[in-house]
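The structures come next, written out as structure tokens.
Common to both upcoming complexes is subunit A, partnered first by subunit B, then by subunit C.
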Partner chain A sequence: MDLLSQKTPLSQRRPFISSLMATIALLVPWLATSVAWATPQAAAAAKTAPAFNGALWTFYIFGALTIAGALLTITRRNPVTAALWLVFTLFATAGVYLSLHATFMAAIQVLVYAGAIMVLFMFVVMMVGNTERQEFGIMRGLFSKVVALGAIALLGWRLISLLMRQAPAKAAMVSDGYGSVHSMGGVLFREYLFPFEAISVLLLVAIVGAVVISRRSTEEKEEV
Partner chain B sequence: MVPTGYVLVLAAVLFLLGLVGVVLRRNVIIVMMSVELMLNGVNMTLIGFARARGEMFGQAFSFMIIALAAAEAAVGLAILVAIFRTRRTVNVDEISLMRH
Partner chain C sequence: MSFSLNPADFVHLAPVLFLTVWACLVLLASAIGGGHGRHYGLLAILGLILSGLGVALSWVQHVQPATDLFAGMMVVDRFALFLDMIFIIAGILTALVADAYLEEHRFTEGEFFALLLLSISGMMMMVHAGDLVMFVIGLETMSLAIYALVASWPGQRRSAEAGFKYFLMGAVASAFLLYGIALLYGVTGTTNLAKLAGVINGKAGEPLVLVGMFMILGAMGFKVALVPFHMWTPDAYEGAPTPVTGFMAAAVKAAGFGALLRLVAGLFSADAWTFGSTGWINIFWVLSVLTMTIGNISALRQNNVKRMLAYSSIAHAGYLLIGVVVVGLDPSQMGAVLFYVVAYAVTTLGAFAVVAWIGSRDVERTTLEDWYGVAKHHPAVALAMMLFLFSLGGLPPTAGFFAKFYLFKAALSFDSPQMLTLVLIAIANSVVSMYYYLRPIVAMYFREGASAPKPLTSFSVYWVLGITSALVLILGMAPDATLAWAAQALMGG
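The block that comes next holds the complex of A and B.
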């Protein structure tokens, strides 16, 4: 079976990326405690404005890491390296969620996205191997690329200006249990029970579909 | 507390970086990773608005989007494996079977 025996060249950067991820994993609990200090309740209890805005600094740090990771994801030549940088980006996104007091979503982001979905990606990357010959294809269809990038730039400008205009000037105060498993369960199993069940059926259909699509047909099996 | 405008700008930048990846890259796997980046940008918008309103509904929506992304990745990667098995390529320029 030559699909699996294909060698994927080992990237030199992987130890560097994994050490970065370990640093983030150590950083998250510390910053999470700063977020807890920065809740309005804590500030009201102290009767003073917190000198260190933990949530904002968590947002700055992880926002910068998110953008850097996304840039590296879309520019890396080796798909394995790109996938690892995507994992890094998803971890950083979880940090951003923490700064927004969405603790349960941050945990789900790490477990489901950086865990389950990226393992799926890594499986396929390892199976297909590094077969990319022509990297960005910049010179091929240069005109259409320029038009597409111009359209993306225009869309980005409109998107950012629109979102900035829509943004409420002041964020609402949040209660103590905001973003916890308890409040999330309340919303999911009361207000959104039907969509929740529909999503589970969708996942089942997707699993069956994935098995059917990726299965070998019977005549191929006989050849092997 | 984080101003909502900052969150929305970060989400828009993430979305656009994913879009640039979808347009520029030729490897289907990396194109799919860029789609994941775009989904994350949308998720961040929802969670940012949930924080701004002090409600949980935005987070419930982003929870469902994550489940949807899992389904999308499973089916998409299965299609990718099937294409690679028959065509021996993951280059989006060479996968043009539907055009002929």
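The block that comes next holds the complex of A and C.
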């Protein structure tokens, strides 16, 4: 198993279009917010705001890292490399959580997603092994790519024109101690206690479903 | 903020909780009793009947207005109870078909029925949800169970492929749903439907709410297979075991539309979100036209009956979307929409039961050639299928006729040119659709079959065919009682 030793050439032409589309899809909301600043109300608000907002800049930096990591994840052709970039993305998301004062969520994000879930990911990638890659040409599925690009452009244009007309409102304010273990626990076991219990049904379904699907493959082997 | 598991609230949710526990019982029974030929379907049906009795009891004893449970997490109103009943009836009929079908095709039975019951309790959670968090949990419980059921066919690659496709597309749709909910939460600071509706009513034109709204509605459009999001439907419906296909077309579609109706009539009902260039009603108008037209045109070319019925289910989602638009204009017209849901669910369950009936082990017999001469060997089943196809096409004296009649009548009651256009397009579509509904009938009655089919012989399938044909005829000739019930099933009432 020499998955890690496979060199992926830097100049990949084939995933070019899909990465371009993904870039546009991810940049549209970002562009849209920057356009929103250009409205008179937003400009007035920006004048009264402090010149340097550390929390905001932390958010932008981690947000940019997340987007970059996500792009690298979906454009890598080696599954192990892609998975490692996904770890990077999940860490960057934890940073976004931190900048939003959700400290407990950030810790859980690192522990559960970047830790446990990613181990599972790698495990599955190793187990499935180096599957044959399907070669895609640029021309392949060109029609659907054009349609998808058109749809993204249309939606992006709609979004931008919407935001030009009206800048987004301030998000709802959070209470003191938001995001701490204490407040998370309070919300989870009081307000959201019933959904918390209902999740167990969802987990049961996932377990039974996984058993149903995976048992089939062992039975096939027995029959063969 | 208080401790929110009020013990009295559990009584109202007894049907849902009972069904979940019963699913675990079925699992336990199959763990003790072994895999094949044990008729766990009958055990599942017993559970569904008991749960159905509970739903009927709470329908009778229901006092208006709606009851909020667990600090607004769940709502019990007649709208949700009516849909519960549809899910349970669809579940009973599916379990009856599956009981014979699974044995013939060598499924492991216990888990199948446990997943069926769990998916129904997910649907019930979804339509009873008074909070977006509960809504997502219900939706995911339903969807995960259905993905597994679609892929549960032993040794069939197409079934695995269908399940995988459905799962991947469904996961993307769920991501959109969650992102939309996150945006709404970000603006309002709440996920409770009633509180959300109150807050966003005062924020007309707020871009983040608009984006969130369309993300949520788009995700629901995926679940009910509206046209830009319908690509998964034919493959998933064709690859799935046929009883599951019938269940998806009847119950999952009913659940999706139930949730969609609750969202548009309960959450985005203010004029600012409904009308105008950024309102959902214009978009649904266009989607309705696209969905029925593209669904019908694609169905015209199908030689595979199962796939044809899959496209037909897309077309019917288009007709039902007229109902969503109608409810957006006037919530008191809910009855006509729910009647359509019932009529379509019963009919499509019957039609897929015939598709399940005709195949035998490793041979599915779903192409039109396979259906040649069925009427000669099995006249009663051919007659039932003809009834179902007439009902799907909307011919009297079947359920489909009155379903379309009441829906179009409700749509025309607004006296607006847009609704008139929509109804005219729908009628043109119904006429076109008769062409492909007639093709299996021609194949069954007017063609000579090369070999006699060897269908399932179990009585449970004949029971289903009998029950569904009777219901199709009853709804088609005496729709008053059901229509009266449907008219009582108002949201929050």
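The definition used in the following text is that the second predicted complex is superposed on the first by the 132 of 224 C-alpha atoms of A that agree within 3 Å, B and C clash if a C-alpha of one lies under 4 Å from a C-alpha of the other, contacts with A are read in each partner's own complex, and residues count from 1 in each chain.
Here is the rule we use: a residue touches a chain if its C-beta (ideal position, glycine included) is under 8 Å from a C-beta of that chain, and two chains touch if they have at least 3 such contacts.
Computed from a predicted structure; not experimentally measured.
Legend: residue contacts after superposition of the two complexes on their common chain; A:Ile199 is shown touching both subunit B and subunit C. After overlaying the two complexes on the shared chain, residue contacts for A:Val128 are found with subunit B alone; subunit C is out of touch.
Counting the residues of subunit A that each partner touches, subunit B and subunit C differ, and the larger count belongs to B. Contacts of A:Leu163 after superposition: both subunit B and subunit C are touched. Of the two partner chains placed by the overlay, only subunit C lies in contact with A:Arg190; subunit B stays clear of it.
In the overlay built on the shared chain, the residue A:Ile213 is in contact with subunit B and with subunit C. Counting contacts as defined above, subunit A residues 159, 163, 166-168, 171-174, 186, 191-192, 195, 199, 202, 205-206, 209-211, 213, 216 meet subunit B in one complex and subunit C in the other.
Across the complex, subunit A is touched by residues 1-5, 20, 23-24, 27, 69-71, 73-74, 108, 111-112, 114-115, 118-119, 121-122, 125, 131, 133-134, 137-138, 140-141, 144-145, 147-149, 151-155, 160, 163, 185-190, 203, 205-208, 210-211, 278 of subunit C.
Those residues of subunit B whose C-beta lies close enough to touch subunit A in the complex are 1-21, 23-27, 29-30, 32-34, 36-37, 40, 43-45, 47-48, 50-54, 56-57, 59-60, 62-64, 66-75, 77-82, 84-85, 89-91, 93.
If you check the complex, the residues on subunit A that touch subunit B are 3, 38, 40, 53, 55-56, 59, 63, 66-67, 70-71, 73-74, 76, 79, 82-83, 86, 89-90, 93, 96-97, 99-102, 104-105, 108-109, 112-113, 116-117, 120-121, 123-125, 127-128, 131-138, 140, 145, 148-149, 152, 155-156, 159-160, 163-164, 166-168, 171-175, 178-179, 183-184, 186-188, 191-192, 195-196, 199, 202-203, 205-207, 209-211, 213-214, 216. Every residue of subunit A that touches subunit C in the complex is listed here, in rising order: 159, 162-163, 165-169, 171-174, 186, 190-195, 198-199, 201-202, 204-206, 208-213, 215-216, 219-220, 223.
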